[in-house]
Structures are given as C-alpha cells and as structure tokens.
Amino acid sequence: MVVPLTMDVYKTLREEAFEANLEIKRRNLAIYTWGNASAFDPDKGVFAIKPSGVEYDELTPKNMVLVDLEGKVIDGKLKPSSDTKTHLVLYRKFMGIYGVTHTHSPYAVAWAQAGKPVPVFGTTHADHCAYEIPCTAFMNPEEVKNNYELETGNLIVNTFKNSSLDYSQITMTLVAGHGPFTWGNSAAQSVCHSVILEEICKMALFTVMIEPGAKPLPDHIIRKHWERKHGPDAYYGQKQL
Amino acid sequence: MVVPLTMDVYKTLREEAFEANLEIKRRNLAIYTWGNASAFDPDKGVFAIKPSGVEYDELTPKNMVLVDLEGKVIDGKLKPSSDTKTHLVLYRKFMGIYGVTHTHSPYAVAWAQAGKPVPVFGTTHADHCAYEIPCTAFMNPEEVKNNYELETGNLIVNTFKNSSLDYSQITMTLVAGHGPFTWGNSAAQSVCHSVILEEICKMALFTVMIEPGAKPLPDHIIRKHWERKHGPDAYYGQKQL
Amino acid sequence: MVVPLTMDVYKTLREEAFEANLEIKRRNLAIYTWGNASAFDPDKGVFAIKPSGVEYDELTPKNMVLVDLEGKVIDGKLKPSSDTKTHLVLYRKFMGIYGVTHTHSPYAVAWAQAGKPVPVFGTTHADHCAYEIPCTAFMNPEEVKNNYELETGNLIVNTFKNSSLDYSQITMTLVAGHGPFTWGNSAAQSVCHSVILEEICKMALFTVMIEPGAKPLPDHIIRKHWERKHGPDAYYGQKQL
Amino acid sequence: MVVPLTMDVYKTLREEAFEANLEIKRRNLAIYTWGNASAFDPDKGVFAIKPSGVEYDELTPKNMVLVDLEGKVIDGKLKPSSDTKTHLVLYRKFMGIYGVTHTHSPYAVAWAQAGKPVPVFGTTHADHCAYEIPCTAFMNPEEVKNNYELETGNLIVNTFKNSSLDYSQITMTLVAGHGPFTWGNSAAQSVCHSVILEEICKMALFTVMIEPGAKPLPDHIIRKHWERKHGPDAYYGQKQL
C-alpha cells in the first residue's frame, strides 16, 4: 500500500466551505452565483472560499480557493470570490469566528435596500439575536475607490465598533444598499444564520404590512428567549447534540 | 415464537406525535427545529412530544418524549421540547383536546408580531372558525421570570376565559409577539389547524393590502359556513369518512 | 372474450372531472379539499363532480359523483361536493359551458374578501378577458337561509345579467367574501381559467402595491390583446392544435 | 456510412432557441405558453423562435420556427410566436444582440402594469445594470391598429433612442401595461436577463413596501458594482469561463 507523497492539509476546510456553498443554493438564498461562503482555520490563518462566478452545480471541494489573511491565494487554480477581502477583514477583526456567508436573499436585500435595521418584532428574532439587526451606512466615494471589498469589511466592523455591538451575539448584519453578511463558529453555522436572517426579514416585512407602527417585542421577552437558547442556563436543545 | 417481555404501551401515541411533527416540515410550517407537536392520551394522562432542538429528519417514533401532566418525563432519553409546559397547560385546561401544535409559520407569526387578531374576512376562515382568531396580550415581566412556558399556556387559557371564547370552536390562537398555537381532537388535527391558520393569515394579509379598510364577512354568511361543516346538520364531507 | 353486460356511459365525463380535480391540486389552487371541478354533458343533462370532503389523492374516475340538473345523484356512492348546486345553476343558466371550477386560491380569495373587482391592469389580463373580473355583492340573510349554494349560483348569474356581462367572454368571477368560480368549454378549460385568474389576481395585487393609483390598460390595447387571441381574426396559436 | 443528402444548417440555432424556451419554464418565468425566446444568427439573417401557443413540454429543437428579418418563415411547419415581429425589430435595430426573451413573470409585469421604471435600489441591480430599468409609454391607437407587434419593437427601440439609453448596457426593459423584454449575446443570456430582471423587480417591490420613499443607491456604488463585473478592468468571475 502506497502512502501519498503529499497530503491535503486543507481537506476538511475545503469540504466545509464546499458544503456551506451548496447549502446557499439548497436554501434558495441566491440564484446563479450570487452568494458565497467561506470556512476559516485560525491555526493555519487560512480560509477556503467559493471561486468567483462559478455556478453552485460546478463546485467541488477541490475547486474551493485557499486564501490567507493577507489575501494571498495559498492553493487553488481559480480566482477566489470577488468578496474575498470582506471575508478576510471579518476573520481578522471578529476574533473567534470560523465561517462567513454573503447572499442576495430577497427579503434581507429589501431591508438593506431600504437602509433600515430590522427591529426585534418577535421571539423568532429574539431566539437568535436579542438586538435589532444592524444596517450599515453607505460607503463614501473615497472608500469605494480605494479598496471596495476590504472597505465593506471595515464598514461592517466599524458599524459594530461605533455602536458597541457584540459580534458574538449579533452574528448578522445588513450592508446598506447591498445585502446580508452573516458569520458563526463554522461555515455551516454562518449559512444557517443567513437562512434565519432571511426568515426574520420576511416576517418583519409582513409585520409592517399588517401594522406599519408595529412595536418591538418588550425587552423582558426578548431577554428570556435569548437566554433560554444562548444564556448560561440555556435549556433549549440536547446537551449531547 | 417469543413474546417480548415488555411492550410499548405508548406505541400509538409516539407514532401519532412523530407523524404530526413530520407534517410540520412537509407543510413548510417551520424551518430547522422551529415547531413542535404533541399527542395526548387522557386515560394515561400522558402526552408524546418532539424532543427539544432535534431536526425533523432525525425524528423517529422512538425518540418522541413521553411526559405526564406534571411535566415529568415518563419515558425517553432526550429532553422534551422547551415548549412542553405550554402543551401541558393546554391539555390540563382545555379538556377534550388530544393534540397541540406550535410553529413559526411566517404569516401567522406576522399577525402575532403585529399583535392583532385575524378578522373573519371570508368563508375560508368561517369554514374552520366562526370567530376572529384571538391574539393574546404580552406577558408581564413577573410571569416571564417565574415559569415562562407554563405562563404561555396560562396566557392562552386566560385569553379564552376572559373573553368567553370556546376552545372547542376556536381551535387556534396567536400569542402576541410569538406565533401560533393550535389544537384538536388528535395530533394530526392540531397540525392541520396550523396549516389552515397559516393559509387564513396569508389571505388576510393580502386582503388588507388590497383594501386596508376591509370589512369582516356578514355574520349570517359566517354562521352558514360554520354550520354546514360543523353544525348539528352539517352536510359537508362523507359521513363514513 | 366476454362483453361486459353494462357499460359506463359516463366514463369520459368521470375522467374529465377526475383530471380537472387533480389539476386543482397540481396547480396549487387549493389545500386539503378546498376546491372542486365538474364536467357537464349537455346531451345527457348530467355532470360529474368531486365527492364532498375527499382528498385529491383519494380521487379516482370511479368516485366522481354524477348529478342531473335537478340536483339528483344519478350514479355514485359518495355525496357530491357541497357546492354542487352552484355548479348546477351555472350549467342551467350559462348555456354552452361544459366545465366549472371553484377553488380557494389565495390571491383570488383576497380580492373576493376585499369585495373588489379586478381591474384590467395589463395584457396578461386582456389576453384572457377584456373586462374587469366582476365581484358579486354579499348574499342577504334570506338567500343564505333558503338554499345557500343554489343562491350562490343565482348571485353569479344575476351579477352578470344585471350588469349585462357576457359569460362567454368573461369566464371567471369572484363571489364576495368567498372566492373564485370559473367556467369554460370543458372541465379542463374551467380549471385553466382558475389558474389564469389566480395569476391575474397576484399581478394585480403587486401592481397596487407599487402604485395604489394604477390605471387600467387603455381600451385600444385591451381590445387588441383580446382580439388577437379570441377575435374572428385571431392569430395566436396553431390552427391545428 | 451514408452522408445525409441535406443537412440542417440551423441545427445549433434551433437547439439554442429550444433550450432558452425550456429555461423560461424551469425558472418559473411563465405559466402555460406565456413566454418566448429566440436565437439569432446574424450571418444568415435568421432567428429561431418558439412556435405560437405551444406548451413548453411539447417543444423540440425540430419545431422551433426559423424566420428571417422580413418576418418570412424560412423553415418550420408551425406558426411562429405571435410576438415574432417584436423580436425581429430588436434584432434589426439593436445590432449585436443574438437572443431575445419575453415573459409574463409576475413581479416584472407588476412594475410594467404600474407603468414605472425600476430604480437602482441596490447592488443586485447595479451588478447587472447601472441604470434604472426603463418602462415604455403606452402605444397609441394608430400604432396598435397598424402592426401591433412590430410597433411594440419600435416602442422599445424609440424609448432607448429618445432617452439616449445604451441597449448594450441596459439589456432589459418593461413595456407599459404588458411586461418584460430582455436581450443578450445569446438566447441563453437573454433568458438569464429575464431571470435577473424578475429578481430585481421582486426586491424593488419589497423595498418600497418597507420604505415607500426608498432612495436609489449612491452613484459611486452603482458605478463600482457595474465596473467590477462589466468594466474594462472587471475582476468578477474566471477569465477562462
């Protein structure tokens, strides 16, 4: 039995990114090539990301692109996603996240295009985030010109910093006029957060259609729903899961 | 041929709960693990309910959790749904119901988030309920703190009691800021009521979008549609079915 | 080879009704048992209709119910649709129609619940109907009490008569607070008209959401689109088809 | 081995048109026969187009109809789409396009019925078009009477000419009260543009529902998104793709 001379030390990372990108399509978060997910390995300082402009049906673990935190392609024959530098900034600044997803899912895009944060209208939202989903400001012409995708990352990071938001508790944001970016402790979790954000945005739209002056959920109920799923005494789900 | 030493006296109950939970997914009433159904056996004083946080694809009749009306787990290796105590209160106080379903279906959630009862805009509604679908008030901080899920059950029961609503004729409600709870004479019927409620809520939303001042159906038509399906001289459907 | 002693002279009629009812489900015009279609044979004075309250999956050509124009069941072990008398009145009064369909498709129901006719906002509508889709008034208590389903038929017929509408050119209507009824030169065509009505109602809702004061299509364009499909010099489609 | 006496010089063109028409159905851009696509060969001055009124399931490469730029049928046993002359005008006047698609997709139709251009509300739009999607005026009675489908083509062409719009950068339009027409460098690309237009129209509708006074994206962001995909220094996608 022959041992292969070289081993793919990024095998798991590639597979995680591949699976997360497929999930974008399965969950109808993007048509054509309009979404991308990445998986980050903090020990190696490398993330695997979707190649730019390639259809989901043509993706394989092999054609995921490996990029380091300087934006250098470590391995891969294809160009990485055009949004690569946004992912990169999030991995650099939001220490502890291991996955990032960006899509053009229509309800989340609509709130982003309206330039409005999504209020906590109900427990569906509070189960996953105890605060309104922030929406960034628009980027200025200088930033757009310099390094657009990198500045998109900075825009997100500064939106969180300037409003003292905690990216470990608010794992999703809207970029004004653009769409949703989400993150998590794995690529799979980051895409799951994109699914949840889309559902929250859909429900919030329906809510303001029924009642344009709808009020956010009272804070004690927000807090309760968040705590029972994510607090120190959380009791939702199975410990062994 | 060997007779098994122990027999599962809850076999039917488990299967009923299992089937009802699968139906939640099949009918697109919840994504991920966002809905739960239970089946109640009044003779044994026990109900079978979805385990907490387990995906629908991983459910089996075996992993349904059996709980008595004190909330004690009678059988099952997993923790029951975090909403178990709400189901429990409904079985205790709404005598004669044998199934309860809770989902986060988006149109019903939207009306709940708007904090509004759903008017009887048409015969689709009247065929299944001759009254508006009630929406509870918000729970106060004390109730949330004490025993949230139990108090959710109490909130529903008191909403019906305080407005003299008949839970055998109105088999569905919205909990303000949260979502729909429905019940019926079986787990299967309770999930069917969740499907119907979602359809009614969708139609009601579309109706107010066309005509914000839409009026409820005249009472004599409401009454007729209810009676032809559920009255003493009902003539809808087949007797033998 | 043995010749059967009795032959089913209604075989074709049963199959037509069966197929039309299946199409209701395939086209998502109704959930559960919320829609019914019938096929009429004017020579025999008999129509085949869905049995009441039976799921679409359980339908067979065999269990379609044969009813004459007095409402008498000619053949069939099951009770016919509770809406049978509405179909009956339409066959009696709208001479030359051979199929009727009734559904609770959500966009058509919404316009019916809003109690509003659907304006001819565009060519999609004009391709199939050169006039707004009428919406009846509400039935009065006396009519509801007397013979509800028969009076529903009369309500439709009188809406057309009182406004001098031509049922051969307007093959669809909304019953206020209830939903759509459509007809055609076959059961298949009547259900096709239900599909088209739902699409028109969806587009009309979206239109008023974008522009609440949207104007109907100019009459010369309405006329052109109707004529090219249905006029004496129609040139849409293939002659041999 | 026998060489066929005659060869189908239009084989590729037929197949391209056939595939594009199937894509209309796969992408849910039209029900029944409500959409048509064509593929143009500028060297031969001929395009292949869907036959009129034929269901998508009955299409084959063989039954595509070949038409020259005078509107004469070059090959095919069936009548070409009733919209053939609109396609013809676009091929004549929009030099360099090789595919045209027309559908009745509901969100695009709604904007057309509202008679409103679609503002560039976000980057999803800007990625594919740096300008608002134009909406034509209504045709006058004379034009409708003379040669309706030809005049529809002229209406589109003149809308672009009169407002100095560039059809190579804006590959989609709404015809007021009717619906979308799109084009591209192949039949496949033209139908892809119809899919994108429908998605843009859906997002734009949701946006104005959240914020009726929503502002277009700032111009420097529009420009950036367009340039990174379509400018001289575009860096989206793979060069070899």
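Letters A, B, C and D name the chains as they come in the text, with residue numbers starting at 1 for each one.
Heads up, the rule we're going with is that a residue touches a chain if its C-beta (ideal position, glycine included) is under 8 Å from a C-beta of that chain, and two chains touch if they have at least 3 such contacts.
Not measured: the values here are computed from a predicted model.
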Chain labels contacting chain A and also chain B: none
Farthest chain relative to chain C (centres taken as mean CA coordinates): A
Copies chain B and chain C touch via same or different residues, half shared test: different
Centre-of-Cα separation between chain D and chain A, whole angstrom: 33
Centre-of-Cα separation between chain D and chain B, whole angstrom: 47
Junction residues of chain C - those touching two or more other chains: 209
Chain contact graph, described as a line, ring, star, complete graph or other shape: ring
Chains grouped in pairs wherever the two touch, ordered by label: A-B, A-D, B-C, C-D
Sites on chain C touched by chain B in the complex: 31-34, 51-54, 78-79, 82, 104, 106-107, 109-116, 138-141, 144-145, 148, 177-179, 205, 208-209
Chain A residues within the chain B interface of the complex: 121-124, 192, 195-196, 199, 202-204, 206-207, 209-211, 214-215, 217-218, 220-221, 224, 228, 235-238, 241
